[in-house]
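Chain lettering (A, B, C and D) follows the sequence in which the chains are written, and residue indices restart at 1 in each chain.
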Amino acid sequence: MRYLPHTDADRRAMLDTNGIADIDALFAAVPEGALRRELPDLPRAQSEIAVERALSRLAARNVPASSVPFFAGAGAYKHHIPATVDHIIQRSEFMTAYTPYQPEIAQGTLQYLFEFQSQVAALTGMEVANASMYDGSTAAGEAVLMAHRVTRRSKAVVAGGVHPHYRAVIETVSRLGGFAVDARAVDPETSFDADADKDTSCIVVQMPDAFGRVADLSALAEKAHEAGALLVVVVTEAVSFGALKSPGAMGADIVVAEGQSIGNGLNFGGPYLGLFATRKKFVRQMPGRLCGETVDHDGRRGFVLTLSTREQHIRREKATSNICTNSGLCALAFTAHLTLLGEAGLKTLARINHANAVALAKTLGSVPGVEVITPAFFNEFTIRTPKLGAAVIDALADHGIIGGVPASRLWPDEPTLANAIVVAATETTTPDDIAAFRAALEEVLHG
Amino acid sequence: IEEPLIFEIGSAETSGVDFEEPAETETRLGGLERTDAIGLAGLSEPETMRHYVRLSQKNYSIDTGIFPLGSCTMKHNPRLNEKMARLPGFADIHPLQPEKTVQGALALMTELSRWLLELTGMHAIALSPKAGAHGEFCGMAAIKAALEARGEAETRRVVLVPVSAHGTNPATAAHLGFTVRAVEAEPDGTVSVDAVRAALGPDVAAMMLTNPNTCGLFEPHIREIADALHEAGVYLYCDGANFNAIAGKVRPGDLGADAMHINLHKTFSTPHGGGGPGAGPVVLSEALAAYAPVPFVRREGDAFRLVEHADDAPEGAAPFGRLAAFHGQMGMFVRALAYMMSHGADGIRQASEDAVLNANYVRARLADVLTQPFPEGAMHEVLFDDRFLKGTGVSTLDFAKALIDEGFHPMTVYFPLVVSGAMLIEPTESESKQSLDQFIDAVRALALAAKAGDAVRFTEAPRFAPRSRLDETRAARDPVLSYREKTPE
Amino acid sequence: MRYLPHTDADRRAMLDTNGIADIDALFAAVPEGALRRELPDLPRAQSEIAVERALSRLAARNVPASSVPFFAGAGAYKHHIPATVDHIIQRSEFMTAYTPYQPEIAQGTLQYLFEFQSQVAALTGMEVANASMYDGSTAAGEAVLMAHRVTRRSKAVVAGGVHPHYRAVIETVSRLGGFAVDARAVDPETSFDADADKDTSCIVVQMPDAFGRVADLSALAEKAHEAGALLVVVVTEAVSFGALKSPGAMGADIVVAEGQSIGNGLNFGGPYLGLFATRKKFVRQMPGRLCGETVDHDGRRGFVLTLSTREQHIRREKATSNICTNSGLCALAFTAHLTLLGEAGLKTLARINHANAVALAKTLGSVPGVEVITPAFFNEFTIRTPKLGAAVIDALADHGIIGGVPASRLWPDEPTLANAIVVAATETTTPDDIAAFRAALEEVLHG
Amino acid sequence: IEEPLIFEIGSAETSGVDFEEPAETETRLGGLERTDAIGLAGLSEPETMRHYVRLSQKNYSIDTGIFPLGSCTMKHNPRLNEKMARLPGFADIHPLQPEKTVQGALALMTELSRWLLELTGMHAIALSPKAGAHGEFCGMAAIKAALEARGEAETRRVVLVPVSAHGTNPATAAHLGFTVRAVEAEPDGTVSVDAVRAALGPDVAAMMLTNPNTCGLFEPHIREIADALHEAGVYLYCDGANFNAIAGKVRPGDLGADAMHINLHKTFSTPHGGGGPGAGPVVLSEALAAYAPVPFVRREGDAFRLVEHADDAPEGAAPFGRLAAFHGQMGMFVRALAYMMSHGADGIRQASEDAVLNANYVRARLADVLTQPFPEGAMHEVLFDDRFLKGTGVSTLDFAKALIDEGFHPMTVYFPLVVSGAMLIEPTESESKQSLDQFIDAVRALALAAKAGDAVRFTEAPRFAPRSRLDETRAARDPVLSYREKTPE
């Protein structure tokens, strides 16, 4: 087996060192009958050629986003990733390292995490950010729990425009943890509406919302703060930070975001990375790893994981979360891509995303019977057609177009949204793609 | 040459990405344009490459040397897995594109499930947990849901956890509203049936047990413990972190486990990536199978379907909810399946055997110079304590740092907490005898040096690393967590 | 421009340091009128997205070998390359290093070159090998020139079974250098026949030959040596070293080979790498770079480029060749792949190649009208069909099969070969591929 | 930790590649089975990875720091190029598969040719040369073929080469049967028309000239020289090694060149790879166009055809032969074209300007501490000599090795030969001002240290590299060129 270095002679010699005749002597503690003599009922070892062939065959049964005009978003976005990013994250020293618990020989990981935290804080307009979480949705769940800890209250109000998967995660962790969730109606016109009472620890709102709509959150922040609650802002499209007023500037107390859009591929939904930022005063209630600056014995600047007294491996049942793993390599991809972009590049990227979405909205809106129902948006918006959204998307797929996400897939219980489709454009969208979408949509609706 | 931060070398104008300007110029941002300076620094492409390549050179990694971290299972990361995960058919598909355009992905998830269920001997699987601790949450949530279904959620609120457990165990239990009750270990490092029985009661919901445990020992009474728990209406959660010792040899389902997470990076070689991303699928017993969260994949004839909402679940299923957006760590699934297919049933078993053999070889060759709290029966990792350092002026931490100067990553230290100055060594099956011998020789030499009174070599270590010891107290006292903080605008 | 680090402010500052106002002041020596004010008549800068799109479009107009049943060989072979190999050669420290002229900070390159030389010497059964050359064909040209230097004679005899491109290279460098070539008739039955007279510096023979045939060269070696000439053995399929008696064991004085088969992709013909091995006594007449073992100031083993007094940068017009570049990174791919294979793996690989070729020969030979004309072979052989080879291959391509190389493409001037096709199998050939080939061939010949 | 040779850690039985056994067992090898031990060592995959990753860490590279080697043009290697070259449509096509299945490849070669011809202002191109020196051979061979066509091959047998030329120039000429006649440079480092005229005669076939020359100077009289050569029936071969200084600014064709090779790795960013592979396409003037070797690509309507045999060449063409099997370094063509498309006409010009600006910035900032043989008019590289070291006990070599200890790759030393203790610095356009300043500061500090009498810092350098100075004499005296030699069987 190519991954196992021992020859039989090596094994023999090592058994001898242990003074035993047979490897199963080392499994003596396994209860009678539980140590299996027969092999598992699974295929035997295969060569690299065979594995590659079998998996390539499976891969060929999927339709890659880049192979067709592609407009799906709804929490995961098809952006272009510079080849440099993939090279960097595949560096042996980054990819095959462990969590930087020995900082003297992990400064590479630690410094990029510090850079990552700095970038996330800047993007979100907040003071501090952690070293990443599993993804945006789990970060949203953690944000609610943190708000409970900070306010010592136990109810979260979730606005209707929050991505339904995010809402479901918040509801799941809340219910299981013994907390209350007040989820507001799902309606594109009131998707930012929410209020807080004295039991409310936080208002959770998404911006741009799950329909793509953008709005100023300042009034909502005030409303929350007046009630002694925090404002948690969810962002699922990190590129929007380059175009829109930051959540921090609008009064957010915690910002969680899905970072996939920068540096990370679609990957059918994972691995992604959660961004988590907040005010400095709440830092000791934050979940997840934090990387901090310090000096070494010789006075040189260096970085370490810090405030680990919040974490499970020290604090055990009193930890701020049970999280052990973060999304280190995804965070590196994010940081490297954002370093390449820089401030000017991110702003240009965001501008192009917006421009393509505006062009797309104009074109689709000109199809008879199609209505763009999102008044202001970044790179994603919602349309309503005369037919069921799911049927339209299905028919478009037969025309070789991935035309967006039917609202009925996101909110199956909302009959008013049955004909709606959430549509996204990015910098990878071409005029040809838009023209092909329009032509196919006309065909599907009226052909 | 010291490597500065990007903020110290970049500028707001510089960019390493070029764009074609779009035709459209109308803006529909609703007046929310960002007008302030964000505070990002950009670098050109060559500068970016050099910056991160140089940073990487300050890291230790499995590709550069043995990573004997007990309980962490740092093994070889095959590049075939990376190549497969990057096939456009896997890497470039959207989680919400039509099911008919992702049948290969759903087939892969089904195939991965088949392997994991067969290896663990369990009945159902939840693929969506994003890491081991997330898997723990998933498994314990399924237990809570089962208790709810039994109407005992309010009465059974205690979870038994051995003192040697990973910190994630009690933390997970607490996050689900459980109270943690510690179970002491026997002097031999294992948990006895009597200790479990003593802790049992009508208030107990579950026990969380790692097997092999964090002392590297297989729990010999695991079956009796499971029986005792089940008799008392209590579920057994197995922490699968150490599955690498027994995959292909022992099926946790045969031992009585009701739920177990599997760290794909530990047992199935997905790269650890300096702290993630992980993936923590959870396997469930028949008793818990109904409660698996959404989403999951169902086969219907030749087609595969995603069940994304509880309402959509098949007859008899009662998903406890949703743990994350989308369907799990697909990129990790591809890698793990590539690894399992490469090994096959025979290779997986051999890998477990080699992992255990390697740990025992290390144990045998170090037994005379170090001290062991539990000298018998190590599995895939071997535990030493600090008694051999008594009177030398050298602490476990010093010893670890001195190993850095010898060119090795240290073992896990001060874990498990039940042992004084613990040193937990897990070489994994990836290491050749030659590599083990090098490492062993270095440890032996250090042990002798410590005993010979050469304390300075330890207390001042590391001297040959990119940094000497870092001041962690200072970092925590007045935390500096981002570059901007130092230059408030 | 993403690859250029300077901002305009940087440029300004640097011009100031030079005390000049304009960059063209630094181009003052360019003759009047030759310094172009207008831009070249070429497209402007394009984004990574645009370049990727355009080149992907071109790539899509080619048929990759792995996408179809594939049987072309004739000097380039489709083998499977472990993913590890590509990772290793993409390591920044290997890929972006220069020639190891500063050995203290180039031990990585130098040690793998030493390992490469050792492997090549072992494979060929010779004493010494150089650190690689451009490819097999140019190595063959250099071998002839070296034979002239060693023997102080000036005529090469080239057997008929030498790959026609190799023969053409030998003829080109010989004619232009003022040397004679005696090329023997191209005939599959006499492809190893040759003899030497007193002007002959070397006999050049290929094994397996360009038709795939294998034969014992010992008698030919004796014949050459008796006439005071050297035997130069050309090998175009390096995997054959794992199955066949080595050229060294058959009496070769110089062995040149194409190393592509191990570690290197097809790449439409380049970059490849030439292997060059000979007897130690001829080492000072060798062309190309040599890496040798030595010690450093502190007595530690180290490696350096050595015997550079043979080379152009020292010796100028008296150099053994004008070569400056070798195929460093291709040699690394070769070495890493061969390290993975090891002795056992290479022998197994060779066995599988042969077995698949035998199976293929049996199957094709059973097609009515098809004759396998190669009596003994490694992984490649020649068939004759009732139709023109070029037409058959063309028709097979329309059936989605790359069925080999028509002999008429290699030897357009040999009418007796018009119906012949050179066909290869490797470890990537599956029973399904063979069955598909057979079915398509029947269709093309008799359908 | 020292890294052993594979032969010291591997074994004949170990393999890092698995195979499925084939069904067929009959052997048709004609009794030529290899039965002896080959002498190879195998490693498992994890051992192989670690071995080569560790070896890599002993290398300096452009991704880790500035590589200021004059005349070598070490610039950033974009990873986009690597990605493009690995597209199966380029990497996985066979040179002899049917033309209709490789139309995209032939189109790419045609497009690359268009760019190179436009940038050089020449008439024809030969893509097949495998590296710069191979390109020189190609260009000089075309000249020889033209002379043959003129019936002057026997009379014109001399090639003029300036003393400052790369060693490849005289070596190439010699390999084509020419005699080399040296042309001395003027005191200002350039070649004068008079010197050329003086060397001319009816026996002269060609002159080989590098421009900008190896002293980093643009030959100001290049046009008059070309005119003088052409008047005398002599061809001008331009060594294109330094094209990076003028691409997009000056076209060699406009200066009178008849042939020039282009090192794709120097000007168009294909990776140098520790010594190759290279690629050396050659552009030809109208006078030489007919003699371009096979193979080449021809467009016929919408289709592209490969001309692989002289008989197949179009009317008027008289290919001088074949330089290599197949069609050239396709993998490098893809990379070079990706680079050129990324820059565009504007970016290529800007790159040349930045390259020249960077060299002159280095010149300006070092002029007061080092000594320059030709203080005026550097292009993309700047030449210093060793006069500033006079009396310090420090040689140019010592100075270079001391730079290693400062974390930098040294400049080119002792080339060109015409200058005593030459130090030739070429930063290229890839280096930021910051990077240049770091390098300049280090050189300045060393220059001052040398003058201050700190000779030991130089003569014992490098002290912080993987190796101290290596004994090259010993290596050459009794060469050990392979592992086997030491253990004869």
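Going forward, contacts are C-beta pairs under 8 Å (C-beta built on N, C-alpha and C of every residue); 3 or more make two chains touch, one makes a residue touch a chain.
Labels paired with UniProt names: A, C = Probable glycine dehydrogenase (decarboxylating) subunit 1.
All figures in this text were calculated on a predicted structure; none of them were measured in a lab.
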| item | value |
| --- | --- |
| Of A-D and C-D, whichever chain pair has more C-beta contact pairs | C-D |
| Contact-pair overlap exceeding half with A-B, pair selected from B-C, A-D or C-D | C-D |
| Chain centre separation (chain A, chain C; CA means) in Å | 47 |
| For chain A paired with chain D, centre-to-centre distance based on mean C-alpha positions, whole Å | 46 |
| Whole-Å gap between the CA centroids of chain C and chain D | 19 |
| Junction residues of chain A, two or more chains touched | 1-5, 45-46, 48-50, 52, 82-84, 86-87, 90-92, 340, 427 |
| For chain D, residues contacting two or more additional chains | 11, 13-19, 43-47, 49, 53, 57, 63-64, 76, 78-80, 82-83, 342, 430-432, 435 |
| Contact footprint of chain B on chain D as seen in their complex | 1, 9, 18, 44-47, 49-50, 53-54, 57, 63-65, 75-76, 78-79, 342, 407, 430-432, 434-435, 438 |
| Sites on chain C touched by chain A in the complex | 2, 48-49, 52, 80, 82-83, 87, 90-92, 340, 427-428 |
| Contact set on chain A toward chain D in their complex | 1-5, 7, 45-50, 82-84, 86-87, 92 |
| Residue ranges of chain B in contact with chain C within the complex | 11, 13-20, 43-47, 49, 53, 78-80, 82-83 |
